[in-house]
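Chain nomenclature is as follows: A, B, C, D and E, assigned in order of appearance, with residue numbering initiated at 1 for each chain independently.
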Amino acid sequence: RGARKLMLMRLTNSICATLTAISFVLPASAQDITVFAAASLGGALEAVGDAWEAETGGSLTVVAAGSSAIALQVQQGAPADVVILASTDWMDTLAASGDILTDSRFDVMANALVLIGPAGAPPIALGAIPETLGDGRLAMALVDAVPAGIYGRTALENLGLWDAVAPQVVQADNVRAALAFVATGAADLGLVYATDAQAEPRVSVLASIPGDSHPPITYPAAAVTHGHIPDALAFLRFLTTQDAQAIFADSGFLAVELPR
Amino acid sequence: MSLSVALRHSFADFKLDVAFDSPLGVTALFGRSGAGKTSVINAVSGLLRPDAGRVVVGETVLFDSENGLDLPVHRRRVGYVFQDARLFPHLSVRGNLGYGARFAGGVDPVKFARVVEMLGIGALLDRRPAALSGGEKQRVAIGRALLARPRLLLLDEPLAALDDARKAEVVPFLERLRDEADLPILYVSHSVGEVARLANTVVVIEAGRVVRAGPTVEVLADPAAVPSLGLREAGALLNATVIGHHADGLSEVATSGGPLILPHVDAPPGTRLRIRIAAQDVILSIARPVGLSALNIVPVQIVSLRDGNGPGVMVQLRAGDDLLLARVTRRSATDLGLVPGLDCHAIVKTVAVSGADVMTLPANR
Amino acid sequence: MIDALTPAEWQALNLSLRVSFWATLCSLPIGVFTAYALARWTFPGKAIVNGLVHLPLVLPPVVTGYMLLITFGPRGPIGSVLEAIGLPVAFRWSGAALAAAIMAFPLMVRAIRLSIEAVDPKLEQAAATLGASRAWVFATVTLPLVMPGILAGTILAFAKAMGEFGATITFVSNIPGQTQTLPTAIYAFLQIPGGEGAALRLVVIAVVVSMGALLVSEWVARRLAARVGS
Amino acid sequence: MSLSVALRHSFADFKLDVAFDSPLGVTALFGRSGAGKTSVINAVSGLLRPDAGRVVVGETVLFDSENGLDLPVHRRRVGYVFQDARLFPHLSVRGNLGYGARFAGGVDPVKFARVVEMLGIGALLDRRPAALSGGEKQRVAIGRALLARPRLLLLDEPLAALDDARKAEVVPFLERLRDEADLPILYVSHSVGEVARLANTVVVIEAGRVVRAGPTVEVLADPAAVPSLGLREAGALLNATVIGHHADGLSEVATSGGPLILPHVDAPPGTRLRIRIAAQDVILSIARPVGLSALNIVPVQIVSLRDGNGPGVMVQLRAGDDLLLARVTRRSATDLGLVPGLDCHAIVKTVAVSGADVMTLPANR
Amino acid sequence: MIDALTPAEWQALNLSLRVSFWATLCSLPIGVFTAYALARWTFPGKAIVNGLVHLPLVLPPVVTGYMLLITFGPRGPIGSVLEAIGLPVAFRWSGAALAAAIMAFPLMVRAIRLSIEAVDPKLEQAAATLGASRAWVFATVTLPLVMPGILAGTILAFAKAMGEFGATITFVSNIPGQTQTLPTAIYAFLQIPGGEGAALRLVVIAVVVSMGALLVSEWVARRLAARVGS
């Protein structure tokens, strides 16, 4: 069954690639598309949607939920054309179960981790985290379950800081909640995405976490097998355009090398 | 219609074991508080499932433990007036009254009006039960049962909370029901006077057992039954026929012992009556007295004398074919030399026989 | 807050109301029946039914949502049947209503059950002696007397449905106009930088609507009580 | 202790406006169903807050709308026996009985035993109210109120559900309470007989208004009060003193009209009594009759005659310094030529005077 | 499921039980008081109190958690005071209990209130005539008669506390041994691919424990009913 599915995917893949190419040449036609995206991308994608609409006249529906929920839902047949997750693991799962067109998968953008503290606090060196923390708390997303938490933990391990701070880590169910711990003063320091830190006036970035201390934080996107593939591919391609990438950059995301 | 009841049931520390038959009409259940009267009625209604027994109304078997027959409560069509009124708090008085009728083909407006009038609840129809007095609640409960077109009426001290005037209005209505609709009635009361008028059969219960049962005339005229019924309530029943009505509001009736003058009886000449004469309302006189305000002087013969545990003696008298009871002091009995066989005169005040003591019998009985 | 709602807010509010309304309305008869059965009957497996009813309360909502997704999803055993007969619920507002109904069910049943248990069986007996069959007794005596409990159960269920989030987003996701209720919209706003203001607006809307419903229910309850009490 | 009540209150379609004073002891409230009796009692207990009024017991003002005084219910310490028993369903009979005592310094075991014995509820102490019969519930309710050491007893038809034998045990107990504890009692009843024995003051209510109020002796001997009290209940009160007890179980008492023979009175010679003689138990005779079973023949003089609306006439008689009532037919009155001023004889059957009609008065009154 | 629990599972179960137990126990008197006030008193602001009680039901749990964080966090107006007097709740199991209690409060109050409203005021009046002050009437008549409702409210609250997740993790995070209850552990497992098996183990544990509590409560309720009814 898997093999047949894979063949089918290949076939449709190539057909669709052609169609996509045509669609870009042809005058804009209405292309309504549904994107299931990691919740943290919601804002940026809304803006992308406006651009998409202006460009093609089609509407974009952004469905924002946790990456795990999206993955499960797509596996169960959710009406998604495109998925964009905050987790490569879950995208791998979808690929393995044949719910995405593997050929259409690519990383749309990237993110970075930063160390935050209360607004106005002076920058510190990473090595000084334990002292700065004292007996205070370090807010992170779930270190075993949520991508931001997993990345953060790996980084701290690679930086040799994990054992020192582990007892003081407070884990939130998502990175925004971790941010809230710092923003409300409940935690002294936090490890969150750069994108989140940027828009929160109650926190300051105290340090950046080097990108090489953890696997790259990327946002993979792909077309859903049971979705409307031509439109999905068209939208995926639109994500690689300058207009779209500019919107992501505005929100603080980092550019990645895009497929051509 | 006949009613036949046989029941056995055990509560934690009370055993009920009663059986009685009543060939027709009204059966009165007497007994002290806690004797088991309500339990019997509950079993007949189906609310209490007895350990064993059989309940038959007319031709219909309501319950028979041997054949595993147990008609559901709502199919028994008993009109049950509970000791506590149990009105539906969410319905108006009107809604309560009409509740049962909807399962029996709708409210008959004529009967509704008659019942409402008799019970004096016309002004209350739109009130909720919570805004009624104790007696008003009880009256509505009576009306509710009557209007449900039951095939058997179960009345558990229905008149206890009512004043005498109201009682005097309700009893004749029940009487008519019994006669016109041939409706069997099982009636619990503490007052013999209330029931003697209605009942064809009297059943006396003590501690869950039947200690006496039989036709009302026999039980009430039996000096031995006096302890069960209460001294003040003892009294015999006389059969009589209306002779005529006098201009001064009195009625004359014929008994086998001679004519009697009674307060006005609302029945045409020829109507057969039953009259209760309380034992303590009868005075005995050796000679025929004169110049007395009592209008009724009946020649009688003493049948038996029975000592009570007080200073009283219960004297059973034969008046024609009927039996009378008189309660006198032992001293009088000695002074007057009362012995069985002695002829003397029973003096009965006309006013002592109240409307509640006179009941009309249907022509066909 | 003072200016009118945005179309997106309207949509979420509208959907939340629709979902909560239908969730409450459709589960009401089942809730009353279940409450009655639990209150008055003894039957084998009663403990299991009781347990099942309470399950959504005990489990983290995600788990309930997950189970719903597996069962009622387009590829689930029940969901595929529903899909086939043209009554799909997954990723529809009807699915959101299903999730809300199931999450609210224990609250509704408990309230109604409690009220049924408080009804004096003597009144029901009186109705039976007057010729009312079991069903009639229920309809004409038990049910009216249980109205305050049903009302309480309904308002609890409605409030819960308005606030239901975890099972909903897991089961039917967060599709604007389809399954994006106020709580999932609030969640979505809270997940993006700078979304707190928008989330707060939605919170206020949710609070205002729910408090309104609550006030109405209290008023109705007082009316009901007055009818019986005086 | 005295009791003074003045109340005004409006229900949706019922207006209560009553005022009465009773200088001491027991006040009986009479009235037909729905007359407002329970409302009066509720207002005295504090459960009903009247629109206006004043309630004073002895020296204690319980309620005074003018001074804005409204003693909370639990501080009024009224022992209220409700028309419906209102037992606590979660407490055993023992728990119910002891409930009030804990707020009044604990249960007095002697009194507890006495009350339990009198009410015959010894076997029920560990039961829950749900397992009691109607009369049993009512008895427990009476016991509960009595054991709460109240300073005022409010009894709303407490004996309606009880059989005569039980009533006969409870009434003397209340009497003793009244006398020994000087406990004012407000007593609602439909039965004059039940209350005449106890009451010092009678208040008759009709449709929310007091239509008669006054000392029991006066009200009961007043032919005009008959319609309010009910024909069968009319009867006068005689003052008497015990002379002695005879070997045959009868007692002799002296009245201002001459000696009377009564069933045994449980009181030593010299005790002052009050005896109720029902109007319908009195026969009038022009000549002194002989050879009668009735032992009491009292010379009397006719004071007045008053027609009823039936065929009866109420005759007020003077017997010594006391007044008696006799109810005779109009025909007898004419036949015998009864007119005010006529001397004649009143015949009273000894047995017609039951224990319930005889009450002892404390020596100091 | 057959083999013994892992230490981590034990820890989560232990903590969940502790949190739910204390949440239920401590909110019980307040719940009874609130229910009584709502059922029997009229006071200005009653509607507001009623609304506040229901709020956690209406709001997405995240929002409640966020509000708790703002109020009871170390910098919050109440949290800072608690911190100062040595009773910190943030990131403690006591905070988890607080969150669970607040989330469960509406359920508890509704159940108890419904029962209080079902108590016949005539019995309370009877108690008053026998000399019982308001407080005594409450303690000796109302309270015993309301026991079934209190029991129902308690078990509802306990079940809700066992399942509470959103507000808890938002308020006190997920610190193993401190604030990692069964639901947060289950949630964490569900977030990683392939975590379903481990999550299922925990779900089963949660279900078994809660059903046990439910059975016990039903048994107690039957005992209570039997005491009053026969």
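Criterion: contacts are C-beta pairs under 8 Å (C-beta built on N, C-alpha and C of every residue); 3 or more make two chains touch, one makes a residue touch a chain.
This one's a predicted model, so the numbers in the text were calculated from it and none came from an experiment.
Participant: Could you find the two chains linked by the most C-beta contact pairs?
Facilitator: B-D
Participant: Hey, which chain ends up farthest from subunit C, C-alpha centres compared?
Facilitator: D
Participant: If you average the CA atoms of subunit B and of subunit E, how far apart do the two points sit, in angstrom?
Facilitator: It comes to 60 Å between the two C-alpha centres.
Participant: Counting only Cα atoms for the centres, state how far subunit D is from subunit E in Å.
Facilitator: So the centroids are 57 Å from each other.
Participant: Between subunit C and subunit E, what's the gap in Å when you average each chain's C-alpha atoms?
Facilitator: Between these chains, centre-to-centre, one finds 20 Å.
Participant: Among the residues of subunit D, pick out those that touch two or more other chains and give their numbers.
Facilitator: Subunit D, residues with two or more chain partners: 84, 131.
Participant: Could you list which residues of subunit E touch at least two other chains?
Facilitator: In subunit E, the residues touching two or more other chains are 62, 66, 166, 184, 187, 190.
Participant: I need the residues of subunit A touching at least two other chains; which ones are they?
Facilitator: Where subunit A meets two or more other chains at a single residue, that happens at 66.
Participant: Taking the top-of-page definition of touch, could you list the pairs of chains it picks out?
Facilitator: By the stated definition, chains touch in these pairs: A-C, A-E, B-C, B-D, C-E, D-E.
Participant: Note which residues of subunit D are touching subunit E in the complex, please.
Facilitator: On the subunit D side, the touching residues are 45-47, 72-74, 76-80, 82, 84, 86, 88-90, 99-100, 103-104, 128, 130-131, 144-145, 148, 154.
Participant: Across the complex, what residues on subunit E touch subunit D?
Facilitator: Residue positions touching the partner: 122-123, 125-134, 136-137, 140-141, 144-145, 227-230.
Participant: For the complex, which residues does subunit D have touching subunit B?
Facilitator: Of all residues in subunit D, those touching subunit B are 11-13, 31-34, 37-39, 83-84, 123, 127, 131-136, 138-139, 156-157, 160-166, 190, 230-233, 246, 248-250, 261, 263-264, 280-281, 283-287, 289-295, 310-312, 326-334, 336, 338, 347, 349-352, 354.
Participant: For subunit E, which residues are in contact with subunit A within the complex?
Facilitator: Interface residues on the subunit E side: 62, 65-66, 69-70, 73-76, 90-91, 166, 169-170, 173-175, 184, 187-195.
Participant: Applying the document's contact rule, which stretches of subunit A touch subunit E when the two form their complex?
Facilitator: 66, 68, 71, 89-90, 92-93, 137, 139, 142, 144-146, 169-173, 177, 180-181, 184-186
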